[in-house]
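One structure coming up, written as structure tokens, with questions to follow.
The first chain written gets the first letter, and so on, giving A, B, C and D; residue counts start at 1 in each chain.
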């Protein structure tokens, strides 16, 4: 609990607390979207429009948001979206997040640009860990990383496909954002990360780095190479159309994450909650469907489950919690979301996740 | 009339008057909704969107909002929604409300957590009284209550089914809301109410009490038990789907109340006026349909009647009236709504309640 | 032109000018609507939503908004809605309005409660004059009035059917509005008008008067009586449904005015521009369709013509003009609307009124 | 880059920079729309509503916004809308704009009322130049102009058909706008331009000039005469309906520009992005479809391409750039739009313009 102010009771309360604690440019890096930030806004608006249809006189004494995802039992259909450099939010970084995720029993998707090593993170966390990858030009870097993830017991690989380059985030450009001293990608060869540490006025080091290192030529065919590297389940993050969801199925992925990268990539992209129904319909249960973008309340989770998602990821709120109170802050945020979801299940008469179907919402 | 300010001319004028008179935490308890209060907002927005289609050249010299509801003639298709602890709003509490309801000729649904005894209320009121129940873990408490309601001449039982627990109302949590001294549930054994009187920081005593005492395991099957207790008409409060309306019919209820508990239970739930049409269609006249949530003007009553309701209940406005001027304040609020409805009937060319059909509105 | 400020270039500029010149209670009487004023707002919003579809490469050198209405050639499909007591806005009252209407070549509908005699008005005006009537309990008053209208050369009778009583306009109630000294209905027996001159706190004299004098029992059958009185064309004002438009046709009316009385009668009533299409469809050209409510620009006139109206009436803007500059102010307002319409015809490639069809708008 | 403030990162940043540099009446002339400016607003709102559907795992290493338009290769499907008197924005005027357009490789449509001669502009610019014409009463003026355009190597003629007269722009009327000394139409006989230089209070000289000089009688039949004058491709600017698009095809035009003249002509006209789909459908690829109005970001270009346009024109932003930094400012604005479009192509998985089809957006 923040001593100065009131106890945060909603996820969005953590936003204010975090803003007050973080340097302005770090705050901007975390909060901002690309371009005019129209997709950032659209994500919330789309969720807000969806309304819940509660059922009554169901036994809800024991509501259990627990479910199964890619082979792991999880305490709630909630996960932590991959986000680079948790040390931006608190000195401890990803090990704090992992500890909190483990306690909460929900998966943490570790960003390729985590600021703690996979081994450190794995040691700290007791829950499912997945590794998120961007496809770098130096493919051997990927191979090494996948190997270390397997050794550290990671449970899935998440290839982010909405970022052949990094979207132009104007706050970062304006701030000339560069990683602060002491924060670096702990799992990628320093040479491949140098650009992220080179400041330049009116330019984002993060964006420049991606331009230099990301392989923007990869296509569906290249997936086979990743598949060949490992037997871990493979997840594609950044699907927003039924067409791509069908292609993902054709290429044997285990899950798709319906995401516009929290409004940080293609400005103007459709809200993820708006894209979800067509994707859920196209997938028809043949792989898992996960969604992220603007999830700020347990009822948002219930809404996307009703529209066909198997789980929802939370991004920024986790960094807010981290900024506000380290592992404890993350635990609080995750606990809040889980409790809100559990309450929403009780009050909508759907005691198990399997009870949440399309009839739970009206558009 | 308030001496300080202007005479209230709209129900919402009473809101300001009441806010000025009540302690802040009591005001918050009355006004607030659960979670982000999105359902609270949605209730009003849904009613505002509906537009009336007036007919002309009808004889409207004698417009009569009078109707029949569950066996009683009432002066208008308006009732007072069950609300706990009227003494929060004025020292006299429910007997004042009952007196006003009686004079107005409209039903008062007495909350299980009324702050005056059923006998006192019955003595004060000359109109229909119904008793609202939450299903407590100690079923014998229900039995006793139903018995006393029958003895006091109550005309119907209303089982609230949208509250297997009490929704998380953040204002109350923040205020550490607890019942003030002198206000207690007059019809429930004190032992079963103790939690409502135990203050704790950052927690609502009301919420804690419900967690402890409410039976969240009841299902449709349990209704039979309630039915067996009494021959009074049985009403289910908190129905928001056609599915549940059909189940209610199957279980022989006499009326359903389309309600999201004034936005105090499931945050994100559909507005009651949005849910109403599918429920009216499912019911097809086989039981009464009552609606509440955001009714603030006589034209709101006309709108929901057109969408298939037989009557509308008012919640908070009654407490505003009570806070502002005791029984007289409640009379004023009820009179205003009735007069506005009567005027709307005249100006829409529908002199009798039976004349109000679906053609009276456009969505 | 107002010397103090900028020349008014839009009809709404006159609103500010008039507000500055009129006593507050008179301003409120003119501007206000009934109840929550939701219909007042809806009228504008409905017009704003409609968009124009301009055609190009049409010869528009000579655009002529002239048309024919109920047997008279008029300079534009615009008329002045009947409004009581023009002397409230300027000392001269209706004769000033009539002069301006005559110069503009558009019809003036004289209210039954005009503050100048029919003879005076007829002497001042050179254009079509119609007489608006409310049906009073003393039917002989109507007979006399119709007789005098015929003698004064009025061209049509308009029976207002949306006012079996006067809607509750809260501004007037709050102001205890009463007609100021020197303003009275010049064409109705003083005995029948007395209530309009009796002040009472927290009550509108206008509303009280209507309660006392208006016959709220008249129905379609009574129209025959009015028909029998005169051979003048008969118009019904206040039709908002296809059902009533069909009944109007069945009863042989010459025109219907689609109107919600400028949001002054049934609060919550559908916007007139929203009701217009269903009425135009029901009428199918068998009688004239006129519309009023929120017309503030020449393009609004074009929009309603496209939706099936034969003409549009303007209410409040005429009183704004009158308040700002007497007959000249009204001329300015009418001239502005006419010029805006003429420009809109030119820029939408529809040089004659007959060219304006449904294809001119998109909803 | 503006030295005083932050580097502009979005097109709209240039708006503020330009406002600070220009005289108020010039600013108003550039920014304003006609009437209530409702179409000005609608243009942006319509674009904002459209959402993008990005595809993933496409090789986007080499995204090329290059395309072909009316026989010329252009670097991006972007052009500069014809705007009168660029010298209003910077002393150099159109030659600066032409230099920037040439460097950017995009077409510049030179207004008939350019403030530099066609020869000067042609000498300055290395890219495609088209000449925009209004049809003046003195047809011989047109003939001369077309001749000089051909001699100067212009590549197309654009006849603006939404301006049989100039729309009433109230800011200009209020400002008594007149061309400032030193700014005049360099390609039209001075006699025919005199009215544009005659100030009068409460009147726009621009509007008066058009009334005097524009031929508002021309129709589809007259197009033959223009066709006969030249072999240059012919473009019609100001088409907003499928009906007129079909007529344009029938009359053998090479392209239509879907435009409401940036909200400066018919107030209330449909937003160009709203009109686009019906026009694209009617045209069915038989001529080019270009659109303008409210294009402020590269994603706006992508959106209109997806709805069937072959290119988008930018108006005001070019003058903002010109005001802020002359040719460099225009280069910056064009470069920004091009880069934003290129990024949007990359992030939506559409590396070539041909890849952008209807599936790229959801309405």
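Quick notes on this structure:
The working rule: a contact is a pair of C-beta atoms (placed from the backbone, for glycine too) under 8 Å apart; a residue touches a chain by one contact, two chains touch by 3 or more.
Small disclaimer: the values here were computed from a predicted structure and weren't measured.
Chains that touch both subunit A and subunit D: there are none.
Graph distance from subunit B to subunit D, where chains that touch are one step apart, equals 2. Taking each chain's centre as the mean of its CA atoms, A is the chain most distant from subunit C. Taken over every residue number at the interface, the positions common to subunit C and subunit D amount to under half, indicating a different-residue contact. Subunit C is reached from subunit B by a rotation of 90°, derived from superposing Cα atoms (nearest 5).
With each centre defined as the average position of its C-alpha atoms, the distance from subunit A to subunit B rounds to 42 Å. Work out the mean CA point of subunit A and of subunit C, and you get 60 Å between them. Shared interface positions of subunit C, i.e. residues touching 2 or more other chains, are not present.
According to the touch criterion at the top of this document, the contacting chain pairs are A-B, A-D, B-C, C-D.
Chain contact summary for the complex, subunit C toward subunit B: residues 35-36, 38, 42, 161-165, 167-168, 170, 173-174, 202, 216-220, 222-223, 236, 238-241, 243-244, 247, 260, 265-271, 274-275. On the subunit A side of its complex with subunit B, the touching residues are 6-7, 9-10, 48, 50-61, 297, 299, 302-303, 340, 343-344, 346-348, 359, 362.
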